[in-house]
Structure formats: structure tokens, C-alpha cells
């Protein structure tokens, strides 16, 4: 895959390219070059820090969509052992945009459910670029029910632009499939830990996107609507997505502030794709300690707390009228 | 609809037609005719009795398929009030080959589930001639779950040649849909009364075809395989269906003998279509008394008895080897 | 206007549950039916539950009329009338969210897009709610989510059936993730009602979309829709852009939803009260009829 | 021959659970692979779990070998070995049913098409069964239904997981309605196992059809199939006659069943033991790994 450059990184990438060019020259024969290279290196370093240190919401959305960003597959491969995939909704199809499996995290057996983007174009076509069809949500629900039956905690990974808005998806009850996931997840009598690793697009993310803990990666987003579609509705102009991204309060920090997320996993400067390994390890540690804490609760308390978490979300006024 | 003549009735129908012709003549002007008519009437009566008094299994199968035979629609219209139809499996479609509804029988609120053949060709096309697709069984299962949730007894009417053996039916999991009905019905914690009113074709009938009581109409059949297909397999000749029908032990009497059916509702000479009203009334009475008896049982006993009924079916040897 | 100001101002002009419809239209006005293009006398429209006498087109109804059309006369008693949205995200694009709210309150005489309360249908105690499409497209923000959740909780506490008349543009994006999470919150409340063994009937009217369809709206034991109502997850324009061809006739219509197995029936407005009452007759706990 | 005679005769030649396959073929025989047409040495075939070393075609295996291939060596202990079919309907067409039974017993050395018993897989206690297609097409009559039901009941009583290797032509029509009702009986037993919170894994092998597919075979928590196995309700010829056009390639194959969401995976024979053991590791009650 060709190197993927996000819009806002372009100035930095241009400097980096120039630096690489200079370095390729014969420094020994051009003594003045060494100083120039040194200057440029400082400049690149400075720019990198200012550029990445405080990403705007829209820039984070772009980072969350970076093709090299670690995906559900990567977390599963790195963190879990003895993975046995569950396939199919037992009624219509096996949607590869949703991954479901029995898997082991350290010494703990769990059910994993995750949106599944591909790495290659071929994979992405099979997986519909991570946008589930109704049968994907129905497969997820089957995995939830299996977790319930055999008392296995559930770990979910969110990474979808949203449920697929296709013709046949509507006909096969996309809304019904999502709603049934919400209802099932809301009182599933096992611990549910959710990790926002990339995109958290609307109802398609929410269907497997709430539980007893919500861990967000620093550059993951979670939003009621995509910034582009929001801009389209508000301004009839998708180019104003950046404004929408800021308005929608969709970053990990926003979710912390709103009391929806529980913790944020920091990413290396520039995004998790620049050095995935420590991020994946950190996510594994966060999941493990969340499961540890939640497993100590009895089921009744667990479900009361989960309902209480949802119940508390919302800001409204209650007048005296 | 043109008058439908079953193969074995043909001699009788021919005599009846001749009698009608004679009666249409001017009897007053032909004095010898009166005696001839009287003779013929006796002959017709005698033939009717010998023909219908002891129908062979294959003849009963034909009666069970008679287009004018009372259907699920007729029982529902005559016996039940305040009918509210349930439609759809909430996932793929609404299969009109299966009827599901909330309905009231006398003073009792129940869930009705029935195979639904049509009366007209148009109706039959919409209803696939009473042969369900997987979504029909999934709708039936939804109705069963509703009955469970709201503690409503279930009354089912069997009248299908079988589950539809189509390409897409296989692809959408015909076997899975039937198996899930069987599992659900087997421990549904409400009384289940089954009435065989016409055809009872194999797994497609069984999916809604067992419970706490099995009431069979005298000429209804219930079979592991259709006589024609059995003949095809055994003799490579569907014309030998009569032999197969006898071998398969598929009549109401056979089912009584095998301990599968609980009671048989007699039909008028020639079949229920010759005088439907009293048959329908009798069926209503049988259902009512069955529900009355079953409602007195507590749920645990009900389910134990249902399992015990199934558990007892089967004849095998247990050697000393 | 801020919600507290609005409540003060509201004192003087409490909205009332009015019968008939055409919202604020006086009786003497003439309207054109969008379906058959006939000119109709508003008085006639109102007297027929806002259904066109010529082609049976179902006009939009305000939430209060929705409830009025379903419950036993005079039995409705509103709850949580004072719960209304605020602007937690200070959302401002084109027009500030606070302005949209103020305008909605002004024109509808409602604090929020949902009206909820206790009532009786066929003399059975229910918890009933309706959404008002005039109010920011009946989108679900924190206040709608809260009111719907409280309605389910009231029903559980008082062992009532729930009846909801739903129309909605979906989630209320001006409240961002607070809005999205109302889907989970209301679905969780609906699930608790189900676990309590209590019945829930939803009535989907034109239009019902997005996060409302994909949460409490379709979690009912039985779902009915009005003729011609459009119901879906993604809006038709988005679907059309996605598949890059035109949509089949009747796409997302109530009638096609029946064929696709998603709802229990298309019920004309005039018959809806009877249908809902009949269902409650079966599902509300209690002795035989 | 009547079953009691058969049992007497059987004393002298009890069948044994043999490893490898090719049923009764001696090692030195050459076979032709039906898939790649290569000529194979039976000894090689047997040593590779009866999978063609060239094209991975999975040859049929007898039930005893199915069990042997899944369980911990030497752990299988048969139950209900003496349960066998009789001829309750005195079914006679072309050939009397009793003759078919006698011939099957003679050639397979089995009392019935199902073998069931206790075993261990990855040292976990299971109740395991397998169907033998050579025995009247592994069709389910009263005896198979009884053995499968008893297996589920044994698992419930002893808190074991159930593993079933299924191949079948469907219901056994020679037992008429007694056979059809075994579908309900085995499904009811499987449901009781599920309610008891115990796991059930089924392995579908070529071919699995009719009343067996539509009952216990697909009620498992996880379902796997061997490569190329054909699994369905209606047989392909009947489907072809029904739709009056030819069937698509791969119709009813294990691989297409995965795409249609019906099973959890196609697993080569050599990996099946590991896959089943892995699943049991998750679903069998007990502490963490």
C-alpha cells in the first residue's frame, strides 16, 4: 500500500520528504549541507510536535480512519489466544464486517465482538469496509446470547463508519437488528467492556458499543452522525466537516467530559499507526483490569450499574411549569 | 371453482350425474321413469356408503387435500372472535403460508398458529399453497414466544403438504427454522393443542405439530413423507402412492394406534367438505375441553407431561448383547 | 429562549389536548390534499381524524391529537410535562440550537418533542406517549430519551402496558453523543418492561427514521403503522446515493414493511384505537375476557 | 434377522472401534479418489484419517472411526449398544424393512445407525455420538431417536457436554410417524440440555439431510462441517424439480452454508478434534484456563 498522507499532515510530510532528499546527497562533498540538514531536522521535529500535539477533532477523525491504524484483527491477533470464530446469524448470512469469537485474554475466557475493517482492498470488499449488514448485528446478538449462556464476559471493539445504508439492508430490517442488539446488550448478565479503537459511527457502533466500561483510544471518535453528513445537513457542504466535528463533541476527551467514556488510552504522537505495539499492549492491560474489577461484582449489581450508567446520560431541564 | 372429483369417487359421481339427468326429464310424461329413478337413487345411496364407509389411507389423503375441505381460515372465522393477526418474522419477510394471531375461543384468549392454504388460485399463490418458507416458521416461533411471554395457550392447525423445498428456502435455512420451532415448542410453558385438519406433511407440519394434545380429523393425515415421494423412492413410480399410503401408517386411526394422536373427530360421509359446519363446531368443542383440562395443570407438570409424551414415542428393541 | 423563561411564559398559555387536527388551522380554512390534490374544508378534515375523505391520505397529526385519538376520552393525564432540552454542547451552526428549541416551543406550545402520561384504552390502564414531528423533527435528544425512559419506568412501577406513537427524524445531532446514547437508554428501559412481562405496542407514523427506529420504536410486542408511513433506518436519499440507482416504488412504506416481515400490519387511523385496544385485551395481565 | 437373534449372533463378533478407515478394506488394497481420480494405497488413506493426500477429498468414515478421531485415545465407553430398531409397522415394499435391518447389521456389525457413549476430549468429559451412513443411510427411526435422546439425558444427568457427528439421509420412512416424531423427541432433549446450561457441538459430515438436519443436528451451540459435506433439508434432486432449473455450483455444500450464516466453519478432518476441544474449553463449566 502506498504511504497514506492525511490532509493536515501534508506540510510535515513535504518537509520530511525534502529532508530525506538532502540526506540522500553526498554530505562529505557538500560541507554546507550538514548544517542545512540539522536545521531541517529541528524544523521537522518542531512541526511534528505542534501539528500532532493538539489535534483538532476533525484531524482526530482522520487519524481514526487511517488505513494503517491497528484494527480489530490486530488487537485480536496480539492480545488473544485460542481464538475460535463464531460465524453466521443462523438465518441469512455471515457478515464479515462483524467479527465474533471465543477467545482467551491472559487467563480469562471471553466472547469478542468487533467491527472488522480490512487491510487490503479485497478484504475490505468482503467486509464491506467495516459497515455491517443486519445479519452482522444478528450474528453479534447470537454471540451475546452465547456469552450469556456460558457466563463469558464480552469484549467489543468499535471501528465502523456506521451500519450500511443499503437498499436491502433496509429491507432486511437494519433498524430492527440494531435495536435488538441494544436491548440484548442492556441486560446481558455478564461483564461487557467496550473499546473504541477507531471509528464509532452512530447506531452501527452503538449496537455493540455500550456496557460496563467504555475505553476510548485517544484518537478514536464516537459520534451520533459522521461529521461529513452533519455538515451536509447543516451547511449543504461536506467540506465543512471540520466545523461539524468540533460541534458534535465526538472525541475521546469529549466523551470523558460528558460522562460517557471511562478512560482514554494515549497514542504516540501522530496516531497509533506510527507505533501500534505499545497501544495494543496498553489496551490489553485496560481490558484486563476492567474485567478484573467487573468480575468481582455480582450479576444483579452489574446489571443495575449498567442501567444506572445509561440512565444517567443526558442533560435536560426540568422546569417548574 | 368447478366441482372437484377425487379419483375414487368417479363411479359414484357418474351415477349421481345420471340420476340428475333423469330427474331433469319430464317424469309425468314418462311413468316408467319414476321407478328407474327410485332404483338409481337406492344404487347411489348404496354405492356412497360402500365407497365412503371405509376409505383406504390413500383415499383419505385425497379427501384431506380436497380443495373444498375446511381450512385454517374457516376454523378461525367460525370458532374465534377478536382475531388480531401477527405478521412477520422481524428479519426477512411475512410468510402467508403460516397464519399467526391472537384470538379468542369462547372465553379463552389464545395464540393461533396454522398452515394456511388458499381457497382461490390467487390466494394460493400468495400462500405458496400452504407450504411455508423459513420465515413462516420463524414467524410461528415469534408467536410462540409471545404466547410464552403473556401466558396464552397455543392452538395450532396443521394443513400443509410440507415445508417448501425451494432453492432459496434451503439457503435461508429451512432445516434451522424448523428445528428451532421444535425446540421452542418442546418446552413452551403454556398449553399447546394441535389439530390435524388436512394434510400433515413431514417436518413442515411437525414444526407446529406436537404439544399436549393432538386432535386428528378422521380424514386428516400426518406422515413422515408424502405417499407419492415414498412411492418414488421405493418403486420409482409415484402411481404406487396408494400402497405407500397404507404402509406409512399416516391416518388418524393409525396415529391413535401408535399413541401419537389423542382423539379423532369424525367427519360426515365423504369428508368434511360435504358438510363443514358440524365438523368445525366439533373441533371447537374438542379444543375447548382440551384447553380446559390442560389449564388446570401447573406449568412444571405440563412440561413434564409434554416431554413424557414425546419420550414415549418409538418402538425399538433393547437386546441383551 | 432558555427553558426556565419558557416555562414562566407558558403559564399563561398551557397547551391543551385538542381533538381534530390541522394543528393551528381554524375550521374555516381550505387545504389541498397532497395525495389527490383535492381541495378540502379543514372542518371536514378535522372531523375525520385528519384523513382525506377522498383518497384516505393521512395528514400529519400533532402529538396531543395522536394521544387523543387512541385513549378513552378524558383519560389522559400528562407526566413530566416540564422536561425539556437544554443545549449541553453549545451547539451552533447556521442557527444556534437554543434558537431552534425556542422556536419549536413557541410554535408548538410544547416543552419537548415527546408528550407522555397515564391514560386508559378500552378501560385498561396504559402509559402512553407520542412524538410531535413539528418539534425539531421529533428528534431524540436527552429530554425525549428521558421522557420515554421515564414512561417505561412508570409502566413497570404501576404494572401498565406501554403504547407509543412514534414519528421521528432520528437522533438529535445537536446533542451529539448525548443523543446517540438515548438509543441505548430507551432500549434498556423497553427491555426492562419486557422482562417485567408487560406489553408494549408501538404505532409508527410518517416519518420514522434513524436512531428512533433503531431503538425503542421497534422493540414492541406488536408494531402497527399508518397507511403510507415511511419507516426506516437510513433516509431514502442516503440509500439512493449509496446504491447509485433509484429506489423501488413503495420503498420503506408501511405496506412494504409488512411484506418484509417488520411490522404486524398497516392500520388506518380510524381503526387504530380499536386495534390497539384489541391487542391490549390479549396482553394486559388479568383474567379471561 | 430379528434383533434378539442378531444380538445372540453378535456375541461372537463384537465390532471394535477401529482406527483409520476404509471400513473393511485391507491395507494392501488400492482405491481411486472420486475427486482427483488418483489411485491411492489404502494404507496411506487410512493413516491420513481417510483424507486423500492429493486433493484433500474426505472419504466417508464409519461411526466408530468418527468417534475415534475426536476423543482422547481409549476414552470411549459405549452406552446403549443394544438398542436397535424393530419393524413396528411391518413395513414391506420391494424389500421388507426387517431384511434391510438384518443386512445393515450384518454388514456394519452394528445394532443401529447411531453409536453413543461417554468419552473425554482434551480431558473434558463428554457424551458423544456418531451416525453411520452405511446403516440404512443413517436414517433416524425409533432406535436412533432413542439413542440420541438418551445421550442428551445422560449428559444432563452427568453434567457433560454433548458432541455429535451427524450424517443422515433423514427420517426413516419405514417407521412412518414413529420416525417423524423422533425429530421432536431429539429436539426436546437438545433443548433440555440447553436449558441445563450445557454445551453441545455438532459436526456435520457428508451427507446430512431431512429430518435429522431439521432437528437435533442444527440445535448445537456451535456447528462445524467437514469440507465438501452436503447438508440440507430437501435433497438436491427435489429442489431441482421444484425450481425447474439447475442448481448453482456448491449448493448445500459446507462452504456455502458458512456464507449463508448456517454454520460456524468448515474444518478439515485433521483439525476437527482440536477445534472441538477448543470450543469445549470455552463452554464446559469450570474455572478459567
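Letters A, B, C and D name the chains as they come in the text, with residue numbers starting at 1 for each one.
Note that in this section contacts are C-beta pairs under 8 Å (C-beta built on N, C-alpha and C of every residue); 3 or more make two chains touch, one makes a residue touch a chain.
Please read all numbers here as calculations on a predicted model, not as lab measurements.
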Can you name the chains that touch chain A as well as chain C? B
Between chain pairs B-C and B-D, which one is joined by a greater number of C-beta pairs in contact? B-D
With centres defined by CA atoms only, which chain is the most remote from chain B? A
Distance in whole angstrom between the CA centres of chain A and chain B is 55
I'd like to verify one number: the distance from the centre of chain B to the centre of chain C, where each centre is the average of its C-alpha atoms, in whole angstrom. 43
Measure off the straight-line distance from the CA centroid of chain C to the CA centroid of chain D, and report it in whole Å. 54
For chain B versus chain D, what separation do you get between their C-alpha means, in angstrom? 33
Residues of chain A touching at least two other chains: 90-92, 172-173, 176
Where in chain D do residues touch at least two different other chains? 194, 218, 260-262
What's the contact topology between the chains, one of line, ring, star, complete, other? other
Applying that definition of touch, give me each pair of chains that meets it. A-B, A-C, A-D, B-C, B-D
Chain D residues touching chain B - in the complex, by the definition given at the top: 3-4, 6-8, 10-11, 80-86, 88-89, 91-94, 111, 141-143, 145-146, 149, 171-173, 175-185, 187-188, 190-192, 194-195, 210-211, 213-219, 231-234, 238-239, 242-243, 247-248, 251-252, 256, 260-262
Touch list for chain A against partner chain B, complex: 90-92, 134, 138, 172-173, 176-177
Touching residues on chain A, where the partner in the complex is chain D: 82, 84-95, 102, 104, 107-109, 135, 139, 146, 149-150, 152
Considering only the defined contacts, which chain B positions touch chain D in the complex? 163-167, 169-176, 178-180, 182-187, 202-203, 206, 210, 222-225, 229-230, 233-235, 243-244, 247-250, 254-255, 258, 260, 306-307, 310-311, 313-321
What residues of chain C sit close enough to touch chain B in their complex? 194, 197, 199, 218, 221-222, 258-265, 275, 278-279, 281-283, 285, 288-289
